[in-house]
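What follows is a set of structures for review.
You will see chain A twice below: alongside chain B first, and alongside chain C after that.
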Partner chain A sequence: MTSRRFNKLAARVGFWGLVALVVVVAVFPFYYAVITSLKPSGDLFRVELWPSTWDLANYVQVFTQRSFIQAIFNSILVATSVVFIALLLGITASYALGRVRFRGRSTVLLVILGVSMFPQVAVLSGLFEVIRALNLYNNPGGLILSYTIFTLPFTVWVLTTFMRQLPMELEEAAIMDGATPWVTITKVFLPLMWPAMATTGLLAFIAAWNEFLFALTFTLTDSQRTVPVAIALLSGGSAYELPWGPIMAASVIVTVPLVVLVIIFQRRIVSGLTAGAVKG
Partner chain B sequence: MTSTVNDSAPAAARPVSGQYRSTKVRRQRVRAAWTFLAPMLVTLALVAGWPLIRTFYFSFTDASLSDLGNVFFIGLENYLVLDDGRWYGVLADPVWWRSVWNTFFFAIVSVSLEVVFGVIVALILNAEFKGRTLVRAAVLIPWAIPTIVSAQMWAWMLNDQFGIINELLMTLGIIADPIAWTADASYSMWAVIMVDVWKTTPFVALLALAAMQMLPKDCYEAAEVDGIHPVRVFFRVTLPLITPALMVAVIFRLLDALRVFDVIYVLTSNSTSTMSMSIYARQQLVEFQDVGYGSAASTLLFLIIALATIAYLYLGRKQLNLGGDA
Partner chain C sequence: MASVTLDKINKIFGSTHIIKDVDLDIGDGEFVVFVGPSGCGKSTLLRLIAGLESISDGTLSIGETVVNELPPRERGVGMVFQSYALYPHMTVYENMAFGLKLAKASKETVDDRVMATARILQLEELLDRKPKALSGGQRQRVAMGRAMAREPRILLFDEPLSNLDASLRVQMRNEIARLHNRLGSTMIYVTHDQVEAMTLADKIVVLNGGRIEQVGSPHELYQRPATKFVAGFIGSPTMNFMPASLAGQAEAGCRVQVEGIGELSLPQAAGEHAAGAALTLGVRPEHLRLEAASSDNAFEIVNVEYLGNEVYVYLEPMAGETLLIHRSEAPSRWQEGQRVALVPDPQHVHLFDADNRALKASRARAVA
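The block that comes next holds the complex of A and B.
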C-alpha cells in the first residue's frame, strides 16, 4: 500500500516537473530577451537572471531611429493589406469550392494545395521580374503582391473547410427565395463566417508579419523595409560587435503584440491551425 | 490535409436537393462558382504560375540580375557542362551538393525531434490539471515569435563569449571552455536545428493534441479497468490512432523544412557548413547576380520538393485505402 502511494506521489512529482520544464523551455528565451533589452549597455555582458539595474536606453535608441518606426509602419501596411486581399478573394473562392459541385473542383483544390507547398525560392527570379515590370520593386506594393502566394492558398483552404461545415438548409432556403449566389454569400454566409474569417485573417497576418525572404529580396532601402528585415540587418559598426541591447529591444517590440494576440485568441488559433491541417 | 483532398471533396458539396440537378439554378451556380474563383486563380497565376515558368526559362539562359531583358539561351550549361575537361554547373558544384545534404539532414533531424517532443507536450496538455490553459498559452509563445526574432534571441543566448548557454554549461561543469555554437562548423548545424525545434514543436504539439482530443474515451476506460500500464496504452492505443494526424504534421513540417531559409540566414549567414538549398539559390541569384545559375538551383529545389510531395500523396492515398476509410 505504501509503495503504491509512493509511486503515485512520484508520478505526480514527475508530471509537474515535466510541466515546469516545458514552460521554462518555451518561455525562457523570450524572458531573457526582455531582461536583456532592459539592461544598461554596461551590464549587457554580465549573465544574470534578474537585472541589477533597469534602463530603457535601448528602447529609446530603437524608437529614435526613423527607419525602425518606418519599418513597423511598413509591416502593418503590408500585413493588413495582404489579409484584406486574401480574405476578399478567399471568401468567394471558398464558397465556390465548398458549396458548389462542378467539374474541375478537385483540380483547383490540388493546385491551391500545390501552391501552398511551394518553395518560395523557386519563384524568386520570376517574381522579381514581375515586380520590376509592375514598377513595384522596393515598394510595399511588391511585398503585398508577393505575399499572396502563401496567404491566399492558406486562406482559401481553411475557409473552404469552414464553409463546408455550415448547414445545407440555409442555402436551400436562400435558393427557394430566388437569391443569386452573390446574395447568398453576402447575406447568408458572410454573417456566419466572421469567426472563421477572424481566425484565418489572424493566421495570415502573423505569416505576413514574419515573412523574411521576399522582404529581404524585394526591398533595397531602409525606408521600405519590413520589421524582420530591419531586425536582421541591425548591426553596429563592425560585424564582431552586434548591438545586442537594441536588437533585443526591437525584437521585444515586434513580438509583444503577437504574443498578446496569441494568448487572447489561442482557442481560435488552435481551431484555425487544425482546420487547415487535420480536417481539410 | 493532403491525403484527404479526394476523399472529402465528393462529400463536400452535395447538391442542395435532387430536383434542381441540371436545371437553370444549377447552371447558374456553376457559372457563379467559376466567376468567384477567377480573381483568386488569376492572382495565383500572376504570383506563382507565371514566375515559376519564368524561373524555369531563366535556368536555361545567362540572365543576370541587372539585365533581365537581354538574355541568351545557353541550354543546360547552368546545370552541367563539360568545358576543357572539367565539369561546371550546379550539378558539378560540391557546395550545391553540400547544401542538399545539409537541407535533408536539417529537415529529417529537426522534424523527427519535433514529432517526439510535440507528442510529449501534447500528452501533457491532454491531461487534466489546474492551469492547463496557461501552460498551453506558454507553449504557443515560441510559435508566435517571428523566426527572425527567435533566431536573434538564440544567437544572443548562444553567443560564444557572453551567452547564457555557455555560462550555464560551464557552471554545471559540462564544458570547460566556451563553445562557438554558431561559428564552429561541428556545432552550427545543431544550433540551427535546436532553434527550429524550439520554434516549431508547438505546431506539431497542437496538431497531435487535436488528434488526441478526438479519440474515443471508452477504450481508455477499458484499459484502466483491465489495469494496463499507461505506457503500454500509449504505444498500443494512442499512438496508432493519432498516427494519421501526425503524418499530416510531418509532411507539413518536412516541406517547410526543405525550403528553410530565414533561421539559417540569421544564425550562420552564408557559411557552407549550414548552407541550405534556398540559401544557395538566393546567394547565386541576388548576391552573385547570376539569375541563370540561381534559377537552375531553384528549379532543382522545386523538382526535389515536387517529387517529395507526389511521393507523399501517392503513399498517403495508398495508406488511407488500406485503412478501410475509402
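The block that comes next holds the complex of A and C.
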C-alpha cells in the first residue's frame, strides 16, 4: 500500500469516525430514553443497549392520566397559536422594516434585537404582573402572550432579512399591476417566503413546545399546564420514587411531533422558491 | 393609447436634484426612447411617468388628465422591468392574469385578454409553465405580455433587453418594433444603448445630468446634433473632436483654424463669436478623408481594425493624445505606421462653441 492511499484511507476513516461520534452524542440519549420507556419498571436500572423484555405499561400509564392528555392539548394550542401570531405579526412587520423607508428604521430593528437579549428570569416577575393585570393567569392566553413576546424578535429579524433579499422590482411589478401592500404581501411575497416562514415557524413552535419556566410560573392547575411542566410534575408511588418509566414515555411522546415536523418542513426549507424570478 | 405631457418636471431625492425642469411632449402612438449615460436620470424619468416615484415639482399629464397624484394602476400604464420581475410562483398565464384579476375583471374577460396577448406574443404553448422553465427571450416576452394584458394606454420599457445576449437582443429589438407597428400604442423606452435608440425610436430624447440635451428623430440627432454631448453620444464609432479657433467670418459661413489640419471654410455662421474664439470641430469617422502626408499637417496611423465590410483607422495627432477614428469601406490601403493628412468633408462638419452648443449653418448655405 502506498503512503498516499494510506493517507486517503485514514482520512476517510477519521471522517466517518467523527460522524459516528456526533451521531452517537446527539442520538444516543434519545435512543436510551426510548428504550427505557419500553422497559418494565423492574428492569429500569439494568444497563443494556437492547431491552430483554418489552412492556408498554409506561405508555398506558401516561395515557390514562387525564391531566397529561389535557397538557398535550394545551401545548398544541399554545404552540400553534404562538406560531400563527408570530408569523402574522412578523410578516407584516418585516414588510414595513424591510421595504418601507422611514426614519428610525434601523433604531427599531436594534431595539427589537435588544429586547431578545433579556434573559427570561429578568422579566419573569414583571411579566407576571402584566399577566395578572390582563387577567391571563392560569390561562393558555398568558403563555401565548409571553412566548410570542420572546419569539417575535427572532421572527421579525429573520423575515426582514429575507424580505430584503426579494427583488425590489417584484414589488414594483405588483404595484404596476394594481396591488395594494396587503395584496403584495399575501399574493406575491408570502408564496416566496415559505422557506423562511417554515424555518422561523418551526423554531417558534419548538421554543413554545419546550418552554418550562413561564409555563411553570404562569399556570396553577393541572388542566392549564403544558407538557414540559406536566412531565416534571409526574409523581411516582411515593415521594421518594421518581417514575422514570412514565417520564421517559411522556418525553418520547412529546418529542415525536417535533421530529415529524422537522422532517416535513425540511424540504420546504431547502427548496429555492425564488428561482426564475429574475435572471440569474 | 394616449399622449403624455411633461411640464417642468423636477425630481429631488434628498439633496440631489435628479431631474431638472424637463419639458416634453409625447404624441399618441409615438415610440419615444430616453437615452443617456448611466446616472443621467432616464430611468427616474420613466419611473416618474409610471408613478413609482413621486414628482417633486411640475405637471405630468396623460391624455387630458393630470396624473401627478394618481397611483400607477389609475394611470393606465404598463411597465416592463429590466429584470422582468415575473412572479416566480405563478405560471405564465397567472402572471399575465394577475393585474386583470386585481382589477376585478370577469373570468371571461381575463381569459380573453390573456389568450389574445399570448397569441400576439406567441406564448400560447408556454401558458402553463413557471418562469424558471423559460428561456431569457421567453421571459422577456412574458414580461411584455404581463404589461400588455391590461391594455394600458402607455407601455413603458426600462432597459428591457440589457439582460439578453447580443443575438437575442437584436431579435427582441425587432419584435418590439413590430409590436409597436401592430399595436400602435404609445411606448416609452429607456436604454443606454444608442443603437437600440436609433433603431426603435420615432423620437429620441437624449438626457444628460437630469436635463434634456436634445429631442428629435434619429435622423435629426445624427445629422444635426444640438450639443457636443449629443454629437458624441449618437453614432458608433463616436464622432472625432478637435480643438479649433475661429479665424473669421466668411460670406456664407466662417473660417476656422484647426490644429493639424489647417484652415477650413465651413457653412456655419459664426454668429456673435469673435475671431479667435475657441471652438470644437466635430467630424464623424466616415466624413474624414485620408491623404498622403505633406510636411507639417501629419497624423500617425497607430492601428487599423479590419471588420470585414469596413475598416477603422486610428490616428494619433502629432500634438495631443486623443485618438481620432477614420472609417472607410474595406479594403483600405492604409497601414499602421504611415503618416497621413486629414481632410474633413466641410458639408458634414459640426462646430461647437465653448458652451458645447452647436453653431447653426448660415442661411445662405444651409443644407437640408
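Please note the rule applied: the second predicted complex is superposed on the first by the 248 of 280 C-alpha atoms of A that agree within 3 Å, B and C clash if a C-alpha of one lies under 4 Å from a C-alpha of the other, contacts with A are read in each partner's own complex, and residues count from 1 in each chain.
Note that in this section a residue touches a chain if its C-beta (ideal position, glycine included) is under 8 Å from a C-beta of that chain, and two chains touch if they have at least 3 such contacts.
A quick note: this is a predicted structure, and the numbers were derived from the prediction, not measured.
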Partner chain(s) touched by A:R225 [first = chain B, second = chain C, both, neither]: neither
Partner chain(s) touched by A:V259 [first = chain B, second = chain C, both, neither]: first
Chain B versus chain C as contact partner of A:V47, first or second or both or neither: first
Chain A residues touched by each partner, larger count belonging to chain B or chain C: B
Touched partner set for A:L170, first chain B, second chain C, both or neither: second
Which of chain B and chain C A:P29 touches, first, second, both or neither: first
Which superposed partner A:L192 touches (first chain B, second chain C, both, neither): second
First (chain B), second (chain C), both or neither touched by A:K39: neither
On chain A, the residue positions that both chain B and chain C contact, one per complex: 172, 175, 273-274, 276-278
Parts of chain B lying in touch with chain A, wherever the complex brings them together: 1-2, 4-6, 8-9, 12-17, 20, 25, 28-30, 32-34, 36-37, 39-41, 43-44, 46-48, 50-55, 58, 63, 65, 68, 120-121, 124, 127, 129, 133, 135-150, 152-154, 156-157, 159, 161-164, 167, 198, 202-203, 206-207, 209-211, 245, 248-249, 252, 255, 258-259, 261-262, 265-266, 277-278, 281-282, 285-286, 291, 294-295, 298-299, 301-302, 305, 309
Chain C contact footprint on chain A (complex, rising order): 167, 169-170, 172-179, 183, 187-188, 191-192, 273-279
Chain A contact footprint on chain C (complex, rising order): 50, 52, 71-73, 77-79, 81-89, 98-99, 102-103, 130-134, 136, 139, 146-147, 150, 163
Touching residues on chain A, where the partner in the complex is chain B: 15, 18-19, 22-23, 25-27, 29-30, 32-33, 36, 44-45, 47, 85, 89-90, 92-93, 95-102, 105-106, 108-115, 117-130, 132, 145-146, 148-149, 152-153, 156-157, 164, 168, 171-172, 175, 180-182, 185, 206, 209-210, 212-213, 216-217, 227-229, 231-232, 244, 247-248, 251, 254-255, 258-259, 261-263, 266, 269-270, 273-274, 276-278, 280
